[in-house]
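Two complexes follow with chain A in common, the first pairing it with chain B and the second with chain C.
On to the complex of A and B.
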């Protein structure tokens, strides 16, 4: 039964990822949010390869585990840069793209160095350990960066509904994954429960982005101050 | 220790992002006027009531599902349950929360009604396409 559940969630996730790219192309938003869409397209390809590996070698095979964590690290770095393009959208009027890019690279290098410093203490399988730790740390850094971006949206009174929903759904996604990783670290014995949970978290982002691209025109506007939990 | 701190921070951020995300979904749909027939079916005339949410959801389940609607309605369903929980617990201690949760629950119902309207339009389009072919 858990295998069936994982497969169903997997299939929904793959359909959702394809839906994001299709909706973005149909609504003419592919180029505007290029990195977000390329991330989704990349995620779709990776998911298909993962599915192929699982069907050939099984969910607990070394091949799958290695591919899963290495591809996850690459995708996380990609998503991190996609998040930086959202910063560029929000700060577009301030012409701050160069600073955003520089800051993002510095933060990425800092996270990688910090991860390396932590991982260096354990000698066995250094690279694999580094890759797993890096993607976990990047999820948390991504969460903090999304939170800062949300703060900037409120402060700058950004009104573009689609952009706001893309940022907020990314925030929910990063939070879910950060919670998942933290609980897994605290209770490693429960790791088998978290496989369907990761799949469930993974479904949210493509569905939310597909919704934002399909239902919200680029010119749709709302008052962001109304969305804050603490009214401004 | 570190994982514990990350867990606490992430849960707080998750709640904030989730509530804001749901409110952004509602805010985007609130400007959408309901057609006369959806008003008749749902019984929503000017303002929606939180208690009608379950009934509108049941009506939604009668229509063919659209994949791009799924995350929105599920998120709002979870938000509605969260609001109901706050209403049943915290709002008893803080009375001002009661009217706020009631307004929010009503807006959740309105969102569900807008989704219902979209699904009806989608079903009609599919039916029309089938008739043409």
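On to the complex of A and C.
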């Protein structure tokens, strides 16, 4: 079994995931951000099953290792589609849903093909290798897509506060994980500090989304930083 | 559309290369706050094993691939 601190952080994460779903239902935002909420609900279920497996078989058991990576791949695909629905929300006024859907499927197929091309050299555990690599690659595709969405939000002067909060927190979450990974590999002596931080990153996203659903009403708007001056 | 898709894919893989340049082949992503296990194809001290549970308790080596 993992240590006490790991368990406490894990429990906070699970509670945070439940809080997102509860807050979204309570504030009537579940259907509006359906895939986002389904991702969180799925993550909650997966986390509970993971905890059950760890408590029964242990952290280093084959059951946990395989369940972790296969469930993670499914969750990453879910998160990818959830991110695509955020694109649909941002570009809703342009009626670009069809293009977003097409682009999302094309990019997912491209990522899967690229991943297969990379792992097909591997002779052992081809499927497991493929599943883990696909998750990794989709994670980086999601990171780039979130940055592009940040740019689009700035360029289009998006003012919907809740939507901005959801996108920004997703970008911060992706970035924190990437920075954490890069720093702990650059400075392996600090691994003992940076590895537990991954868990804190895992807590950040549900907390930020729960805050967005609970505190920010759908009709809340931000005032644009720069107002356009139109000469008459 | 295809060009944009490829551009995003190239950008993502470029970023992955930068971030994991000094990596030990461990996994970066984490859905949820639970602890992440080692990848199943990294265990064992010898050549690539058939199944993860055949490996001993020795330190995990780099993947041969």
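The rule is simple: the second predicted complex is superposed on the first by the 201 of 232 C-alpha atoms of A that agree within 3 Å, B and C clash if a C-alpha of one lies under 4 Å from a C-alpha of the other, contacts with A are read in each partner's own complex, and residues count from 1 in each chain.
Everything that follows uses one rule, which is that a residue touches a chain if its C-beta (ideal position, glycine included) is under 8 Å from a C-beta of that chain, and two chains touch if they have at least 3 such contacts.
What you see is a predicted model, and the numbers here were worked out from it, not measured in a lab.
Peer 1: On chain A, which partner touches more residues: chain B or chain C?
Peer 2: C
Peer 1: A:185 contacts which: chain B (first), chain C (second), both, neither?
Peer 2: Both partners, chain B and chain C.
Peer 1: In the superposed arrangement, does A:16 touch chain B (first), chain C (second), both or neither?
Peer 2: A:16: touches chain B and chain C.
Peer 1: In the overlaid three-chain picture, which partner chain does A:102 touch, first (chain B) or second (chain C), both, or neither?
Peer 2: second
Peer 1: Just to be sure I read the superposition right, which of the two partners does A:76 touch: chain B = first, chain C = second, or both, or neither?
Peer 2: So A:76 only meets chain C here.
Peer 1: Going by the contact rule set out at the top, does A:152 touch chain B (first), chain C (second), both, or neither?
Peer 2: neither
Peer 1: After superposition on the shared chain, which partner residues are touched by A:207: those of chain B (first), chain C (second), both, or neither?
Peer 2: First partner only, chain B.
Peer 1: On the A-aligned overlay, A:172 touches which partner chain: chain B = first, chain C = second, or both, or neither?
Peer 2: first
Peer 1: Contact-wise, after the overlay, does A:41 reach chain B, chain C, both or neither (first, second, both, neither)?
Peer 2: Neither partner.
Peer 1: For A:143, decide between first (touching chain B), second (touching chain C), both and neither.
Peer 2: Both partners, chain B and chain C.
Peer 1: Which chain A residues contact chain B in one complex and chain C in the other?
Peer 2: 16, 140, 143, 178, 181-182, 185-186, 203
Peer 1: Which bits of chain A are touching chain B when the two form their complex?
Peer 2: For chain A paired with chain B, touching residues are 15-16, 19, 23, 140, 143, 146-147, 150, 161, 164-165, 168-169, 171-172, 174-176, 178-179, 181-183, 185-186, 203-204, 207-208, 210-211, 214-216, 220, 222-223, 226-229.
Peer 1: With touch defined as at the start, can you tell me which chain A residues reach chain C in the complex?
Peer 2: Residues 2, 6, 9-10, 12-14, 16-17, 43, 46-47, 50-51, 54, 59-60, 62, 64-66, 68-69, 71-72, 75-76, 79, 99, 102-103, 106-107, 110-111, 114, 121-125, 128-129, 132, 135-137, 139-141, 143-145, 148, 177-178, 181-182, 185-186, 188, 198-203 of chain A touch chain C in their complex.
Peer 1: If you look only at chain C, which of its residues touch chain A in the complex?
Peer 2: Against chain A, the touching part of chain C is residues 1-2, 4-6, 8-9, 11-13, 15-16, 18-20, 22-24, 26-41, 48-53, 65.
Peer 1: Can you check the complex and tell me which residues of chain B touch chain A?
Peer 2: It comes out as residues 3-4, 6-7, 9-11, 13-21, 23-25, 27-28, 67-72, 75.
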